[in-house]
Each structure stands twice: as C-alpha cells, then as structure tokens.
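Written below as structure tokens is the structure these notes are about.
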Amino acid sequence: MPLSESQLEEEIKGKLAGVPVSFNVGKSGLEAHVGREHLIELCKLLHDEPSLCFDYLRCISTVDWIEDGQIEVVYHLYSMAHGHCIIIKVRIPREEPKLPTVSGIWAAANWLEREAYDLMGVVFDGHPDLRRILLPQDWEGHPLRKDYSYDPVEFDEWYAAKVRRGEIP
Amino acid sequence: MKRNSDSGIGSNYPWHKQRPVIEEPRPGEALRADRLIVNMGPQHPSTHGVLRMILTVDGEWVVAAEPDIGYLHRGFEKLAEMRDYDGTIFLSDRWDYLASMSNNIAMSLAIERLLDIQVPERAQWIRMLVAELQRIASHLVFIAAYGLDMGAMTPFFYCFRERERIVGFFEALCGARLTYHYVRVGGVAADLPDGFLEELEKFIPMLQSGFDEIDELLIYNPILIERTSGIGIIPPHLAVSYGLSGPMIRASGIPYDVRKCHPYLFYDAVDWDVITHEACDSWARVWVRSQEMRQSLRIVKQVVERLKEMPAGEVRVKLGRSIRPQKGDCYVAIESPRGELGIYIVSDGSGKPYRVKIRGPSFVNLSIAPRVLPGVKIADLVAILGSFDLVMGEVDR
Amino acid sequence: MNGGAVWWVFFYALSAFTLFNALLVVTGKNLFKCALHLMLVFLGVAGLFLLQGAFLLAGVQTLIYTGGVTTLILFAIMLSEEVVGRQRQLVSRGVSIGISAAICFLGIALTIFGTAVAQLPENYGVHIAPVAQFVAEASHLPMGNVRAVGVALLTQFLVPFEFASVLLVVAVIGAIVIARLAGGK
Amino acid sequence: MSLTQLCERLLNWTGLPVEVWVGLVVAVIIFLFMTVIVLAVVYLFRKFAGFIQLRLGPRYVGPRGVLQTVCDAVKLLAKEDIIPAEADKGIFIAAPLIVFLPAYLAYIVIPFGQPPHFQPKDLNLGILYVLAITSITVVGIITAGWASGSKWATIGGMRSGAQLISYEVPMSLAVLVPVLISGSLSMKDIAEMQGDRIWYWNAFNISYFGLAFIAFVIYMICALAETNQIPFDLPEAESELVAGYNVEYSGMRFAFFFLAEFSNLFVVCAIATTLFLGGWYAPLPFLPDDGFWSLLWFMLKTLTLVFIVLWIRSTYPRVRIDQLMEFAWKRLFPIALIDLGIVSLIVALR
C-alpha cells in the first residue's frame, strides 16, 4: 500500500538529517520545497532510501516567475515500487539560474534538463552534455522566459547581423 | 464494480539499486575499418518525419548515435501562454497528430483539475471510448509503419483499412479526420450521433478479426521475429531510469501504465489487463502494442455497454465565456498511445495559462536511443528505432 | 561462305581484344577499372575457348572467372580501398624483374605446349579442334565434350586435380590466417 | 519484284552471310519478346499486389489499366538522364548494359515451346551457359554501385554482390540434380526426358524419393535471392538504403535495371519450369501439347511460378544481411550438397 501524503512527509522528515525542507499538499500531491544547495542531498535520499525509492522521474518543468525575479524548477517523482508521488520545487534567482544536475540519479533528467536549458535558460551544473536540444545551436535567448522578445526577424536580417558581428565568416 | 486504489506495482524491484552508468560504446569486431559518420535523415524513409540521426559507424556497426531533433519545433508551450484556456485545446491536436483525442483529453483534464470541476459522467465515458479507439488507431499506424520498415508492404494496407474505419467514426463525431478538437474543457463537444453505438457494436467483431489477420501476417511472422527479437534490449532498470513509459516500459517487463497507476476517468471501473513482456527487445515492443489493441477493444466493449444503458443527456459543463482558474498549479498525466503524456499547468488567476509544460512520451522515450543504439548493426538500427514509435510532432512539440 | 576466313578474323580480333585489355589491366591507374578490364580479358579468353570448340571450358571460364573471380577482386578492392578515393599508382618500378619473369613464364609455357599437348591421348578428345571444322562442329558437338573433360580429370589427371584442390584449400586457409593476424593487432 | 527477291538482293548487296542476318532477326525478336514479357509481368504484378493489398492497382490507362506499364516505360525513357558529378562517367554508363546483357542473352537457350520452333537455339551446354551468363550480372551491379560515387549506392552494390554470389552456389548445386537425372546439360534434353506425365516431372518424380523436389525448393529460394525479391531484397532495402545500387540512376539507365530485374524473374522461373516442371509438356498424356499448345503450357507453368514469387514478395518482411548469408551458407548449401550427393548415388546405382 502506498503511503498517504502525511505518512510520506513523516517518513522523509525522519530520514532527513538537518536538511531544510518545507512540505505542503498541493493539487497533485505532496510538494517539497528545498533550496538549490540541498537539492542533490534530498534527491539522493529519495532515490536511494528503500522505504521511499523514488526511482522514476516523470517530468522536469520550469516556471519563470518574473515578478519575483525567480525561476521555479519542478520535479515530479514517482516510486515504481511503492506507488507514491512527490513533487520537488526549487526556486532559483533569474539572474543566476544555476542548479546542480540530477542526471546522475535519473537518466531521464539528461534530456529534460537539456530542454529546460534550451527553452528557459536554466544552467545545470555538472550536466554531461548541456547543449540546446530543440532549437538550433546558434539560437539567441531562451524563448519560454516571460521577457523573451518574439518579434519576427527576417532570416536575411538575422544572418546579416551575425555576419556583421563576425560570428559567421 | 471495484475501485483500485492508487497502488504501486509491488515491491519486486530489483532495478532500483542499479544506477545508470554511461558506458563506453562496445568496440566493433576485430577487423576494423575506418569510422564513418553517416547522417540518417532528416529525410530518410525510415525516420518517420524529420528526425536526424548522426551515426558513427564502423563498417556495419554503429559506434555512436546521436539524435538531432527540433526540426518540427513549433513552440506549443509558448503559444499556449498567449491563448485563453479553451484555445489551448486545439493546439493539443497538433502535438501528437496520430492521437489527437488523447492530447485533447490530457489538456482538458489538466484545466479541469485547475478549475476543480466535475465533468458529467456520460462525457467521461465518451472520453474513455474515444481515447481507446484512438489508441487502437495509433497502434495500427505503428504496426503498419513498422511492417514497412521491415520491408513488408501488405500489412500496411490491412492496418490502414481498420484505422480508416475508426477515423470514420471520429469523423461522425466531430467532422474531422486527424485533428479532432472533440474533447473540450468541461466535457465533449457534442453527444454521440444517433446510431453511433450500434454501428460501433457491428464494427467490434470486424476489428477483432482484423487483429487476428495482422497478427498472422506480421506479428508472428517468423522472419519478423527473427529480425526483431534480441535486438535493442532495454533492461528494466534502464527503462525506469530513463523514464520510459507506455509500451516501451511495459515491453521491459514493468507494468507501469498511467491508467492503472494514476487512474483517471473510469479506467478503474472497467475490466482490463496491463500487457507486459519480459523480453525487453524490439519484438516485445511490437507484441505489447498488438496485445494492447485487444485490451483497448475490451474496454471499448464495456464502455459501449455502459453508454447504451445511459440515457442521452448533459455532456458538457457550462463554463461561461472565459475561464479563470484560481492561482495554482497541477500535473495531470494520461496514458497516451505512446506513454505518459503529462501536462504541468500553472495559473496566475488570469484568463490565460501562465505556463504549460508538456511531457511528451516520445521525447523521453527517444532519449534512450544514444544508450541502446551503440553496438548494433545498421540494419538493426531501423528495427530498433522503429519500435520506439516516435511521432516527431510530439518529440519536438 | 568461307568458314575458315571468318574463323581467323574472329580469332585475331578476340586475341587482340584480350591482349589489349590485358595491357590495360597492368598499366591502368584506377584499380577498379583494371578489375573491369580483367573481366574483359576473362571474357576474351572464354571466347577463344569457344573458337577452339571447348564449350565446357568457355562456360566454366565465364562462370568462375568472370562471375566469381572478378567479383571477388572487386570486393577486395572495395573493402581495402577508400570507397570514394580512387587513384593509386599500380605500375611497379622493377622493370627488369618483370621482363625476366615474363621470359621465364614464356619458357615454361612453350615447354608445356611443346611436350604435354603432343602426349595427350587422342581418344579423350581434349584436343584443339581443327580450324576449318569450327562452324560445322559448333552446333552439334556431342555431349562427349563434357564427358571427356570429366573422365580426363578423374583418371589421367587425377593427381594434379587433387593437388590443385589442396592448393586452393591451403590458399583459402592461409588468407584467413593472414587476415586474422593483421586484424588482431 | 517480290518481297523475297528484294530481301535476297539486299542480302547479296551487303555481302554478309545469311546466318548473320538470321541471327540479327532472332535477336530483335527476342528483345521484343522480352520487352512484352516484362511489361506483362509488371502489369500482372501490380494488379496482383493490388488484389493482395486491398487496393485496385492500375486502372485508368487502357482497359483495366493494361497500358499503364507501357506509359511508365515511355515516361522512364523520356526522363532526363542525370549523371552525378562524383560518378565515374564511362563505367556509370556501361554498368546498366553489363546488367542488362546477361538477362537478355539468357533467353537464347530457353525452350518456350516445342523445339525447334520456340527455342532460339539449343546449346548442348544450355544450362551451364545460362549459369555462366547470368553470373556476369553481379559484376554489373557492383560496378553500378561503385561508379555512382555515393556511399549508399556503394553499400547497396556490395550487399547485392555478396548476396548474388552466395546464392549462386546452392542454386548451381540444385540445378545439377535434374542434370544428373537426365544426364544432359541441354535444356531441350532435360525437358524431353521428363515427358508428358506429371508424375515423371522432376519435381514430382517419386523415384528419387522427393530429393528432386527439395532441389526444386532450393532452386526457387535461390531464385528469390538472385532476383532481389522480398524477403531477400536487401540491395534495395528502402528503409535502410533508400534504393540500393541504382539510387543514382534515372531515366533510361534506370529502365535498363528495371527491365533486367523483371526479365531475370521471368527467366529463373522459365528455367525452373524447364528443369523441374516438364518444360512445355502438358501434365497428362491426353492433353494437347504440340505447336502453340506447348507455348501455352510453358507460359502457364512459368507464370504460376512468377505468381508464387510475387505472392511471397507481397507477404513477407525482409531478412537481415547476416541472416541472409547464414541462410545461404549454413542451411541451403549443406542441404543442396547432401541432396546432390544422394541423387548422384541413386543415378550411379541405377
């Protein structure tokens, strides 16, 4: 039987030694809020602890809270063995959107983090291959940011500008 | 009627201790030729759309394979932020163009969860009906295309005959044949037309015999088994670590199905089985899909029974001109034909979604390609990549 | 119609064709083209066999040399050469060695033809057909042609025949061993 | 002056022997025959495949679409001829001819009906001649792949070469079985030896304990491989190699490959008919099998085999290259060898 949300919260709190994590229950289950310096610690615990065993990373989402000057990174986890879910939310400053990578824990994070980097500009430290994935390698800006200007630019102009700046011989 | 709880798949989990290790690709044979870099795609008959594989080959052996995606990127996540909630549904038709109904359902469910509204029961049953028919249609296209990849032309036509009939039913529902926009926020666009269920009942045995034909023609064909078994093996621990879903993970022996693990609609009120296979290879993935179609048909039969008992009535909640959910976020996942289609949607209280994140199953499933492809032969590459059932519209979104 | 004259015309034309292509095989710079010329040489030789009335030999020559050996050579070239790069200097510099080898070969050939052919038993039918009878014989040579070769191979020339087979087996095994040694490194 | 006299005058004027002219006329007739056969086979294949695949096939050109293949042929001939810049021009042009000529020359010895009227020339080494001539096709295909200067075409050519040369071995062994039984290499003799009773035909003759039937099956499997039909159509594996060795060819040169492929299909089936199915003879003695009847019987048997091949072609998936090779060398070759050995023992003991 999967643990209920409160049981799960107790279980995690019991295992955590001094890691500052706050919990609340949202629309899709238990949410854990953690600072980026403790993210890896928490994720390792969630993944390795047999009673928790969150071995399945469902999704990594990013939200640009431009009014707060923050980017929120949301991890949706699931445990194949026990059937319980948890959501981890990390807030990082927009100016310095850096976060340790979890691709060493869940391989699925590799491409999901690349996508987050590509579209939102979150830099994942320690990622094995942090390149753009959907957009061309020489794209400028990160389109899912709220302040991204998406005025249409003619290809010729864009190309000419690149040549002017000396990026294309 | 039994209602399963939100239960996991048991404590038998030998894979959870094994961390993914990025291994060096296996070296080729003792006789080595120079390594050659070959571009497969973006326009190649067997990449199904615009997928480019950058292959490093050593003779017949693949040393490294890197998918280059994004040729079909249309920025749906950004587009959704500029439309009101109702307007995002028709965008969803275009993610996975082989399973528009499933996309509609995922998007509608997510918005309804934000709004905290209850959809009329009849509408939910209709949603289940179209979702399962859509799954059958999508799997039929997969089997057709896979047969084509393997050089068998004829199964293609048999699959498309059946699919054509399903598409005909959808056309009767909503007038469209590919991008349906039938499932809306708060229900479905319209009730079933007169005589729909009767026609569908007549069609079910035809479909059943169609499945038998396809099984005989392709799935259990000795040449196909010879070609596809034992290649592209994804062991269970890798499948879990890479976040695979749908038939991909079930063919690795893990009974992860969103319909069972995170039930939505009335999937826990009907009788059906999760299909798994222990072989973990390409053939298992094909077989799982062929069996899943039969399970879907089983669900369709029960849903038709249910709908026939039910009087025609309300199929959509009246929601007013503009939808304004409260501040908040939610993640809703459904089992699309390709796997877990998740929508993470954030509302800031305005009439437009603040952020929509689409977790495309094909995108995540493709991410294992650089891991399983090194060490196979070029001829097997098509057989492996084909069994992933990629729809590039969803990979690139 | 003068069968004899036509025969000679064919004979000289074919010989010239064969020799010309043989020359191109050794002087050509493009390895692949050399192999194709070699195929034409084999075909020319098959034609010469045909003119002599040795139909079986002509057929076997085409089947084995044109169809088989040429293909193997082409394979060897395509496997060892770069697929797209094609130029390679083939003509060896050791002219004197070449000439002396050619003289030796000529000597051996002359010796063989001078002695062996004369000693062949008449009744086995492995003989060079009389020139003028070519056209007449071409259409109704008996099955004896095949039978004669078969009988000759298994009686008169049994030992050389078996030696040739052993030699071929040794060559094949040797090739595999060499390939293994070179590839294992 | 009558037509005959005119012909005679012309012949005398050219000064060439009359055999040359006869030969030329026969050559033209064979070419026309081959073209008609290929067009017919292609049309029938498209209709037949359409029937299998729940569609209609060609419909619009001519009654029931019979002229569709003619139109396609004309279209191919009228298309622009493209020679890639990377290609080796001379060889690129020569390759289709190297492939086409053997397919054409093989027709010379096939008895399409009762000889001598329906057989262009009966060579006493007939079957050996066919094997020898068709073995040249391989060179043409490898050459075509190489001369295109394209990686895909080269890989296709090499695959094809490896495949053809591998399957030639069991095929030759299977062919030797009827040769042993009848004691002759001549196509005419082999057919005549079988006669007009179906139980005397090599494929169904029980006095060889079904061994000849095994040879027949082996021959047909090899025939599938030799003519690049599914399940052995690796040289043209669309999903892997796009089109194989002929990917760079267009227009008339491509038409030559196409012609050769379908012509070869017909030829291998015609040879199988001659060697194993009693050639032009009717299955039972009281059925007429002289004159044009013999042609009819021969065509009937050959087209049945062609249909079986096309049936397999439109039903099965494709095997992988290593499975193809293993099948040839590890299964077919030993079976054919043992089969041949036992048959020769039986022949020697009788």
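Side notes on the structure shown:
The letters A, B, C and D name the chains in turn, as written, and every chain counts its residues from 1.
Here is the rule we go by: contacts are C-beta pairs under 8 Å (C-beta built on N, C-alpha and C of every residue); 3 or more make two chains touch, one makes a residue touch a chain.
What you see is a predicted model; the values in this text were computed from it and never measured.
Across the assembly, the chain pair joined by the most C-beta contact pairs is A-B. Taking the mean of C-alpha positions as each chain's centre, the chain lying farthest from the centre of subunit C is A.
Taking the mean of the C-alpha atoms as each chain's centre, subunit A and subunit D sit 63 Å apart. Subunit C and subunit D have CA centres that are 27 Å apart.
A straight line joining the Cα centres of subunit B and subunit D is 46 Å long.
Between subunit A and subunit B, the centres computed from C-alpha atoms are 24 Å apart. Those residues of subunit A in touch with two or more other chains do not exist in this structure. In the complex of the two chains, the subunit B residues touching subunit D come out as 36, 38, 44-46, 60, 147-154, 156-158, 161, 217-218, 221, 223-224, 226-227, 377-380, 382, 386. Of all residues in subunit A, only 1-2, 26-28, 47, 50, 53, 55-59, 61-64, 74, 76, 78-85, 87, 104-108, 110-112, 115, 119, 128, 133-136, 143-144, 150 touch subunit B in the complex they form. Residues of subunit C touching subunit D in their complex: 1, 6, 30, 32-33, 36, 39, 55-56, 58-63, 66-68, 70-72, 74-75, 78, 83-84, 86, 140-143, 145-146. Within the complex formed with subunit B, the residues of subunit D that make contact are 49, 52-55, 151, 230-231, 233, 237-240, 242, 314-323.
Across the interface of their complex, subunit A is touched by residues 5-13, 15-16, 19-20, 22, 69-70, 73, 75, 77-78, 113-114, 238, 240-243, 254, 256, 261-262, 328-333, 340, 342, 344, 346, 354-355, 357, 359, 363-364, 366-368, 371, 396-397 of subunit B.
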